[in-house]
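Dropping the structures in below, format is C-alpha cells.
Across the two complexes that follow, subunit A remains constant while its partner is subunit B and subsequently subunit C.
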Partner chain A sequence: MSGRTALAGKEVEDEEHLDVAEPESADEPGRRPRWPRVLGALLAVVLLATGGLLFAEGRELRDTPATGNLALTDAEATTRVTGDVSNALGRIFSYGPDATALAKDAAREVLAGKALQQYAALFGQVEKQAADQKLTLTTHVVRAGVTRLTGTGAHILVFLDQVYERRGRPATTASAQLSVTAELRGERWRIVEISSI
Partner chain B sequence: MARAGKTRNPLVIAATALAVVAAGAAGWGGWQRYDAAHDDAASYAQARDDALAAGEQAVQNMNTLDHRTLEKGLDSWEESTTGDLHRQLVDGRDAFAKQIVAAKTVSTAKVLSGAVTELDERAGRAGVMVALRVTVTAPKGDPAVKESRMLGTLTRTSEGWKLSALGQAPVGSTAG
Partner chain C sequence: MTLRTRHLGGWAVLLAAALVCGLGAWSYAQARGDRTLAYAKARDTALAQGKRHLATLNSLDGKDATSVSAGLRAWRDSSTGPLHDQLKRTSAADAKTLTTAGDTANGKVTSAALTALDDRTGTAELIATVDVEVTPRTGSPGTQRKRFTAALARTGDGWKVKALTAMAAGDGG
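Moving on, here comes the complex of A and B:
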C-alpha cells in the first residue's frame, strides 16, 4: 500500500516537473505524460533483447561441434558401445574348421545392413578355407575407442589381433585396424559397416 | 460505472505483464548464459577434442624425421612430449642423432584415424589410440610403407596436451 502511495506521489512530481520543463509535450492538461510509458516500453524491449542475446550466447557455448559428440562425455553409452562392438568382432571373426556355424549365427545377431551383406558374401570363401586348410582363426580386440557417438549412432576405431592356426604349422598373428560404424537397435549396438583403414 | 475506480486499466495490466515477461526473459537468458559457461559436459567434450588433436599431431611428429633437418625434427619431438618420455628423448638425443645421420633416412607419417580412450580432465591425463601410415625412405631401395598403431598417454601442461608415454599397440598379446 505504501508503495502505491509513494509511486503515485512520484508520478505527480514527475508530472509537475514535466509541465515545467516541456509544457507542450503533455497531450492535454490533466492527462498523464507519455514519456514514462515510452521509457517503460523501451526498458521492456531492452530487457527482452538482453534475455534473447544471453540465451543465444549460452546456446552457442553449449552447442559446439565438441558437445554434439557424446564419446566419453556419456561414459555409460561409450562403455556399452565399445563392449558390444568388441564382443561382436570377436565372435564373427573367430571360427574353427568344423565350427563356422557359430560365427555365422553370431553374424546374424550382431551385424545389420551393409555389414551383414558383406559378411554373407565373404562367408562362402571363409567356410571353404577353414575346411580345406584346417584353419582356426581367433580374433581379439586389443583396443577400441569411440571417435563419434550420438544417441543412436557410433563410429569406433578398433585395433585387433587375429591368430591363424593351420594344422601342423606354427600359429601366426596378424594385426588389423578397423573403422566400425554401429547403430543402436533396441537394447544392443549392431555393426552396420566395417572398413579396414 | 460506479466501480470504475476499482477496475484496472487494461493498459496497466498489459504493461505490468510485459514488464514481468521482460524481466523474466532477461533473468532466464542470463541464467542460461551462466549455466552454459559452467557446463561441465561442454568443457569435458572440449578437453576430449583438444586432447585428440594434440595427440594426433604429437604422434605424427614423433614418426616424422628427416636426416637433412635433424635438429628441427628432434626439437619438434621434444616440444611434443613431457615427463619421462621428454627426459628420455633429451638424454638419448645425441646418440640417436648420430644413428640417423649415419642411416640417412627420411620418415614421414600420416594419421589415418585416432580416438581418445580415456580422459581424466581433473588430473589432466588422457589416453589416445592412433592408427597411422609411416613411410621410411633410405638412400638405397624403395620407400618402406607400414601401417602402425600406437597407444599414447597425454598429460596436460601449461602449453597444452603433450605425450608423456608412447608405444606400439602390442601384437599377439593375450589381452582381450
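Moving on, here comes the complex of A and C:
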C-alpha cells in the first residue's frame, strides 16, 4: 500500500518534470512557477469572502420586521381595511332614540369575538340612554392609520368625532381615539377588539 | 492525482468561488433593489422618527431661561420647512412667554400610525395620540390628551416634522 502511494507520488513528480519541459512554460525554465496557483487560491478565497459578505449583507437588509408588516406597502389592502373599519365604526356608533336597532344589526354584521361581546354588554345602557335623553349620536371617522397589517389581521389607530344631539339642546362634539384590531373573515374585515386610547 | 486533474480541480474551485461570489452579489442586489422592502423600511423609520419628534415638540422644561432655550432648540431640531421657520421666527417671543409661565410639559406618544408615505419624494403623514403631562410652576400636574396629524419630510438628518396640527373635536370636518 505504502509502496504504491510512493509510486503514485513519483509518477506525479515525473509528470511535473515532463510538464516543465513543455514549451508553454519555456519562459521560466527549470521549475514550474508557483505563482499562478497561489494567485488562484488567493482569488478563490477573495471571491468566497466577497460572496459570503454580500450574501450576509443582503440577508441583513431583508431580515427586518418591516417586511412582515404590509401597512401601506400593500396599498390596496390598507385602503380596504381602513375603509371597512371606518364604515363599521360609523354604523355601530351612530343611533337615534328610536333607531338603536340599526346599530345593533350593524354590530352583528361588522363585529366579532371580544368586540361583539363588549358591544352587547354596553348596548343595554346605550339603548336606555338614547331613549331617556332623546339622544342622537352620529359618529364619523376623521383619520385612520394602519399600524400593523398582515394577510388576515390588522391594527388600526382611529380618530373619531362624535356629535351628540339631545332634543332641545345644541349639539356637542366630542373626540375619541380608538385602537382597533380587525380580522379578515371571508371577504370583509371584522372588528374583533376595540380599546380607547 | 495527475497534474491534469489537479489543474482541473484548481479551476473547479475557482469557478465554484466565482459562483458563490456571483450568487452573493445577486442576492444582495435583489435585496438592494427590492422596492417594497425599501418602502417598508422607510415607513418604519418615518414612524419611529416622527414619534420621537412629536414627543419632543410636546415637551419643554420650563424651569429657567436656559432650560427653555434648550427646549426650543430641540423643537427646532425636530422640525423642518414651514414649522421650523415658524419656530425660528417666534423663538425669542416664545422663550420669553414660556420662561415667564414656567410650566413644564412632558409629552409621550401613546399611539401613532402613518396614513400616507411617498418614499420617492420623502414625505409622509402621521397621526398620533399624545399624552402631555403638564406641571405648572405652582399647582398640581395634570395630563392632557391630544391628537395630532403631522406632515413629515425626509431631510439629510432623517425624517422631521414639517407641519403639525392638533385636531380638536370637530376639526376633522
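Odds and ends about this structure:
Please note the rule applied: the second predicted complex is superposed on the first by the 136 of 197 C-alpha atoms of A that agree within 3 Å, B and C clash if a C-alpha of one lies under 4 Å from a C-alpha of the other, contacts with A are read in each partner's own complex, and residues count from 1 in each chain.
Here, contacts are C-beta pairs under 8 Å (C-beta built on N, C-alpha and C of every residue); 3 or more make two chains touch, one makes a residue touch a chain.
In this text the structure is predicted, and so the values were computed from the model without any measurement.
Applying the stated contact rule after C-alpha superposition, one finds that A:Gln117 touches neither subunit B nor subunit C. By the touch criterion defined above, A:Val142 reaches both subunit B and subunit C. With both structures placed on the common chain, the touch criterion links A:Thr152 to neither subunit B nor subunit C. When the shared chain is aligned, subunit B and subunit C each come close enough to touch A:Leu43.
Contacts of A:Ser179 after superposition: both subunit B and subunit C are touched. In the superposition on chain A, A:Asn69 makes contact with both subunit B and subunit C. Once the two complexes are laid over each other on the shared chain, residue contacts for A:Gly90 go to subunit B alone; subunit C is not touched. Touching of subunit A by both subunit B and subunit C, each in its own complex, is seen for residues 37, 40-41, 43-45, 47-48, 50-55, 57-59, 61-62, 64-67, 69, 71-73, 140, 142-147, 156-157, 159, 161, 173, 175, 177, 179, 197. By the touch criterion stated above, subunit C contacts subunit A in their complex at residues 1-3, 10, 13-14, 16-18, 20-25, 27-32, 34, 36-37, 39-41, 43-44, 110-117, 126-129, 145, 147, 149, 167-173. Against subunit B, the residues of subunit A that register as touching in their complex are 37, 40-41, 43-45, 47-48, 50-55, 57-59, 61-62, 64-67, 69, 71-73, 90, 140-147, 156-157, 159, 161, 163, 173, 175, 177, 179, 197. Across the interface of their complex, subunit C is touched by residues 8, 11-12, 15-16, 19, 37, 40-41, 43-45, 47-48, 50-55, 57-59, 61-62, 64-67, 69, 71-73, 140, 142-147, 156-157, 159, 161-162, 173-175, 177, 179, 197 of subunit A.
Interface residues of subunit B, counted against subunit A in their complex, comprise 15, 18-19, 21-30, 32-37, 39, 41-42, 44-46, 48-49, 112-119, 128-129, 131, 147, 149, 151, 169-176.
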